[in-house]
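What follows is a set of structures for review.
What follows is chain A paired twice: with chain B in the first complex and chain C in the second.
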Partner chain A sequence: MKAAIKKQMWTGARAIAEAVRMADVDVIAAYPIRPYTGIMNALASMIAKGEFQAEYIVCDSEHSQFEAVKHASAVGARTFVGSSGTGLIYGTEAAIVTALGQLPVVGVVGCRALDDPGNFGMEWNDALLFRDVGWIMAWARDPQEALDMILAAYRTAEDPKVLLPHFIALDGAAITHVASPVLPPDKQHVEEFLPPYKPLHPLDPKSDSISKAMHVAPSLIGPEQRKVLDVAMKRAKNEVIPQAWKLWGDLTGRRYPAFMDAKDLADAECVLLTMGAYSKNLEYVVEKYRGKNIKLGSIRLRYFRPFPAEELKEAVKDTKAIGIVDFSYSLGSPSYGSILYNEVKAALYDMDTRPLIMDFIFAGGREMTIPDLDQATNLLIGAAKTGKNAERPVRWMTVRGEDI
Partner chain B sequence: MKEDTHLIMRPTEVNPEDYYVSGHRTCAGCGAALGYRLVLKAAGSNTVVLGPTGCMYVANAHQFLTSPYTVPWYHTQLGAGGPAGIGTAAAFRALIFKGKRKNEPVNVLVYGGDGGLADIGFSGLSMALSYDYEHLLYVMYDNESYANTGIQASSTTPFGSSTTFTPSGKVKPIGNERMKKNVALIAACHPGVKYVATASISHPLDLINKVRMALASGRPSFIHVLVPCPKGWIHPPEETIEIARLAVDTGMWVLWEYKEGSFSLSAKPTKRKDIKEYITKQGRFAHLRGNEEAIRYIQMMVDREWENWEEMDRTKKLIVPWVPSFQQ
Partner chain C sequence: MVSSELEDLTWVAIHGRGVLNTAQASQIASVVSQAGVFAGRDASYYMRYDDSPERVQLPLIYYAVLGNPGIGIVLPEEVEPVGNIFDAVAVLDSSMLVHPTSQRALLLDGVKQESSLVVNTSLKADLVLKLVKKFNCAQDWDGKVVTVRCSKYHPNLVFGMIGALAKVLEDQIAFDDVVDSLEALGQKSDAIAAVKRSHKDAAPMRVSLRAEECDPYRLKSGLVERYRSICASNGGPWDRLKYMELKQRAAEAPTYELRVECMPRWEVLAPGLIEFNQKPGERNIGFKTSFARSFRPVQDPRLCINCKLCHIFCPDGAIDFDPISVDYDYCKGCGICSTVCGPKAITMVHELKALEDADEEEILTIRRALIEFAY
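Moving on, here comes the complex of A and B:
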């Protein structure tokens, strides 16, 4: 008789480590920076205890981390990497060529504010600096989804139709360090969902003698090199990601909408939109306002790249106003808005009737409280009703002093 | 892999196959390209090569979609030679250990320049040398400058050399005032490393033997090869090998190996030639003509360091050579 799988109380860090073990990852490269480090600590401990086998490289920098997994992946190993904040930025050069090398590295960003001041608050600018360079990027809501997303990430990244690296973003501390119930998947389901990685052209003398990433004049292949990544991203969006989540739902019974999750959207006049862990706070506020007969709903994007523009347009077609709850900033950008805000605006631009879009910026790593969210919601509802506030759509929340 | 590491004594014993062939556009007389050919001959067909950015990246393809490599080759970023080798070696070890690949070890060779391994990738190289991967060799081809970007000084550019970042001028007559970093000695200071050597393309059998010894040593290894650069050193292309030999004969470049804790000189010139024979043949030192003080300093530096090299050869132990800095 098969032993029943028990629910576990796992932090996001532990849940990710368990997913990496289940994926039978071959090469892991580590370098410490909070808050993602707990994942690597957990993996090191599993390897030391013999719970699974992988080459675990203790690197001298994030640059080396990302280079090590890039090259391990080129040989044909399944790899895992991660970082946070400024550490991730230190590895940038290597991360960019990983995408151009079409290497299906999977990594975690434990989202953390960039320096200064040695900021350990939660902010998305570390992960979002990678939005243009060919990494698939998903935001997990909780440890359970983080675990599931890791497995889906390997499946998506390694699909020969895609072959792109893949980040899972975890809102720092809120997911990495907080334990919540996780139901580990059945081993057979994982095996069915995630077959072993078979690279098309491994860098191995026993295979073809390939020269990879030669220094070639841009006039010969420059545009095409970028275009293949564009096509890969489209395939991920249109085929591979939706199919992966459908299969995962069929196997485990745990069903996720592929690209975005919504609460009380059907008749919502106003909608709050975010990604990641703080979507739970949005749902709490939605319930509270619904109790007062206010037609509020919420949306959580599960993927930022590829961006679910069509899904979002469809979801908000009857909505009067959308409020972006955003943990990023983009100084000097259009409307001086945050990154997610400007992405949503761009995505909805060609709708026949566009909703009002407001931006609530929670930058700088200061904790967002429920009263802060209430304040944002009231501004949004007021703007939708009266048009008041609409001329100032971008608001810096929790800032002491005047929001000029 | 069965190790065959007997010393090759005659050119006829050298592997006739080439794995670095035509299809590149390096300068005429390029020392780094000549070195590539010899190093790959020694490493053999069962090798993956990783090339950090540098001359041996930009000059080996470009216009014609050709490749001069008949073994698998992958570019790595300028500062990434160390982790590229480690990641590649780790992948082979993991896949073999887990039964996902046939149990046949592979040579992993990183062929990087002095900019790539002595400067921007120094930290990654050091990390790599602290590991225990077998059949992993870092060869630093040292043309003593960032040559493909137009001859800028690196930390292995010798004292007195003029580069585009250290030109000689009225208030800075010496050109490069920093002294050449001894990367191989630093590599040898990593506990656990079993093989470190210096080499020169003017001594091909010595270079080939050192590559074979390094790959068979059982640990990550390092070889520092001096490769003259006609463009940067400013000498006729047909004199590349002669200049390389003069570097050894004047004692400006020292051939040695450090094998499992034991140091030995590989070439002991009975009477070292005057360093003037070396520097007067190169345009990069032309501004030193008439600067007897600077020339005397370079000769003194070589002589003082050689006292240390000879002592190392006698005692088999490492000593860090030290000379006072140049006082104008």
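Moving on, here comes the complex of A and C:
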């Protein structure tokens, strides 16, 4: 059978659910909030139809949801969780100890604007709340990559060298509610890629008698615990994540660069940079400008934590200007820029010749259109031509009214 | 910081237990520092923020510092060489005399040569000195011991203690300034009268101790070399047996410094906040919590009907099932066992009372049981 025929038309939600089934997850904790709801629905119907055996817990809130997977993971189960927007924030208390307890929970964040009650547009601020506490964070481009990323996430998170929780961020409805062709991996490839989870020290009275997440006196052991996570994150960056994606490419033939995807970068003077689903729009714009002989390129970060600083520095070393297409905001931050913008700036600070960096903030959940992106690109090209730093590097896009 | 930089400071440490002592220690420290300000000096007072005295009976320390150390908060362990720091050590709960401080140090670690120990207790000063030699001192000390029964002067122990403290600090703080500061802080006349009476009654006993006379010093000097060699293995890679060994050494370390050296480095920690327990039926050496105890349950086997209620209700699992007996390494002295005991076979006895009748050998045995846990 041809590969094209084996492809399934799956929404991102369905693709994620299929990945969870392929990973043979033991415990799923669910509580509805859109756009994540589609994933829990897809999982529920799989279990109802008998296609998939797992403990499916409908919790009374996101807080219980994250607690449930934390504890299930501590006894040695492979777990899956997810949420969106303010629901995710309600679950964050448990998320902190999940990381400190080095429990390889895998979750999805269907990115959603933080309330404004009723705002279900796409913003990254909910997912980015996790950025400092020891979760590995990856942004998927489409349903196919979301599926692959879930499997790679379990492999990375459960690696004894890492043991960190991991989430995949989905750019809201742009992935969860959009169907596109997905090629499911072969069963034996998944089995080879993702062996069953063997926890180092499960909470199991039959094996070792241990306590987890005990009281920690700050003066005695607090700093050491943080350092353990720091080193785990470094190992994920330097060894485990690159190896996982290399193996996945060898097995399935679907090759991904581990941390960063780029288009037309080789001779690009200006580069647009983003994460997630809207990178497709950036690539469209790059093609359009290349048709007009304008040297534009684009970069898509696949991981935000660990942040691929070295890769990025190498990629933009001959670039004049970088425009960050960012769906987050960070009010009162340096330059009043967004989160990704300030992260990129920090990552590139110690370059010998730093490119000009502009920030295009698409906050508030309003859909980003191609004319908006054209406008941002023209601003970037104009700033690059002047050869010096733009007077106003941070621009709020799609906002009605003066951008002061 | 070098201790010579701090010679001009007047430094008082106040030790107590639990949330009530926290408030009282804060009140005493505020009066002392206010008096210093009235005398034209800089002053600050603060608690050890890493203490958890909101948990019942856990030990705490407050510091009152007169003079300007040059930085906001200065902690004794920042001062080098260690020692020559405190002008006075006040003890609000006398059971602290048989336990390590909240920082797992000795009560008199870092006192100046001319300094004072003020204890709220009904014990005579010479018995306090006996306990000091047994448990609290590992250095030379030419100081003064004052015992004060604070409740004799006022229901709030703060005022009796302030009077006695003012007596031993007379060279550094004028008593008039103390009275002024009490007035300025809004204390009523009966409280001020209590302070004056206690100040008048306080009778410091002169003490001249040599380090060699003190048990902790002898214990320490015998163990330092042995500990150094064990702690040399403190580092990666992660190894469960090494971790357990280090934890045990830290639990048993006779001094603060040795304990810090034995605390596992990050490379030695198991991933994910894991604590390895003992086998079923054993207790975890990492969680000995007897330092939180000021009263201990004492069993009368003649009255015990072996109903096991105390075993069932003990929240710390510190009472063995058969035969019923208390493991004093883990008992926090909450008293639940004596409350649920039908035939009243268990009574709560103050730690010092339990020691008072004990002979030398017994005191040492109890002391070993009280050695603090790792973390």
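Convention: the second predicted complex is superposed on the first by the 395 of 404 C-alpha atoms of A that agree within 3 Å, B and C clash if a C-alpha of one lies under 4 Å from a C-alpha of the other, contacts with A are read in each partner's own complex, and residues count from 1 in each chain.
The definition used in the following text is that a contact is a pair of C-beta atoms (placed from the backbone, for glycine too) under 8 Å apart; a residue touches a chain by one contact, two chains touch by 3 or more.
It should be emphasised that the depicted structure is a prediction, and the values quoted were computed from it without experimental measurement.
Trainee: Based on the shared chain A superposition, would you classify chain B and chain C as clashing or fitting together?
Mentor: Clash - chain B and chain C, as placed by superposing on chain A, overlap.
Trainee: Have a look at where A:Ser335 lands relative to chain B and chain C in the superposition and call it first, second, both or neither.
Mentor: In the superposed model, A:Ser335 contacts neither chain B nor chain C.
Trainee: With both structures fitted on chain A, tell me whether chain B or chain C touches more of chain A's residues.
Mentor: B
Trainee: Would you check which partner chain A:Asn119 touches, where first means chain B only, second means chain C only, and both and neither mean what they say?
Mentor: neither
Trainee: Considering only touches as defined above, state whether A:Val228 meets chain B (first), chain C (second), both or neither.
Mentor: second
Trainee: Answer with first, second, both or neither: which of chain B and chain C does A:Thr92 touch in the superposed model?
Mentor: neither
Trainee: Give one of first, second, both or neither to describe whether A:Gln243 is in contact with chain B, with chain C, with both, or with none.
Mentor: A:Gln243: touches no partner chain.
Trainee: Check the residue A:Leu100 against both partner chains and state whether it touches chain B (first), chain C (second), both, or neither.
Mentor: Only chain C is touched by A:Leu100; chain B is not.
Trainee: Let me test your reading of the model: by the given contact rule, A:Ser211 touches which partner, first (chain B), second (chain C), both or neither?
Mentor: It touches chain B and chain C both.
Trainee: From the options 22-30, 40-48, 220-228 or 256-264, pick the one stretch of chain B whose C-alpha atoms clash with chain C.
Mentor: Only one listed stretch clashes with chain C, namely 22-30.
Trainee: Same chain A residues contacting chain B and chain C, which ones?
Mentor: 97, 101, 205, 208-214, 216-217, 220-221
Trainee: What residues of chain A sit close enough to touch chain B in their complex?
Mentor: Touch list, chain A to chain B: 24, 26-27, 29, 53-55, 57, 59-61, 63-65, 67-77, 79, 93-94, 97, 101, 196, 203-217, 220-221.
Trainee: Inside the complex, what are the residues of chain A that reach chain C?
Mentor: 97, 100-103, 160, 163, 200-201, 205, 208-214, 216-221, 223-225, 227-228, 231-232
Trainee: Going by the contact rule at the top, pick out the chain B residues touching chain A in the complex.
Mentor: Touch residues, chain B against chain A: 45-48, 50, 57-63, 65, 67, 69-77, 79-80, 82-88, 90-95, 97-98, 100-102, 104, 106, 123-124, 126-127, 131.
Trainee: If you look only at chain C, which of its residues touch chain A in the complex?
Mentor: 50, 52, 263-266, 269-280, 374-375
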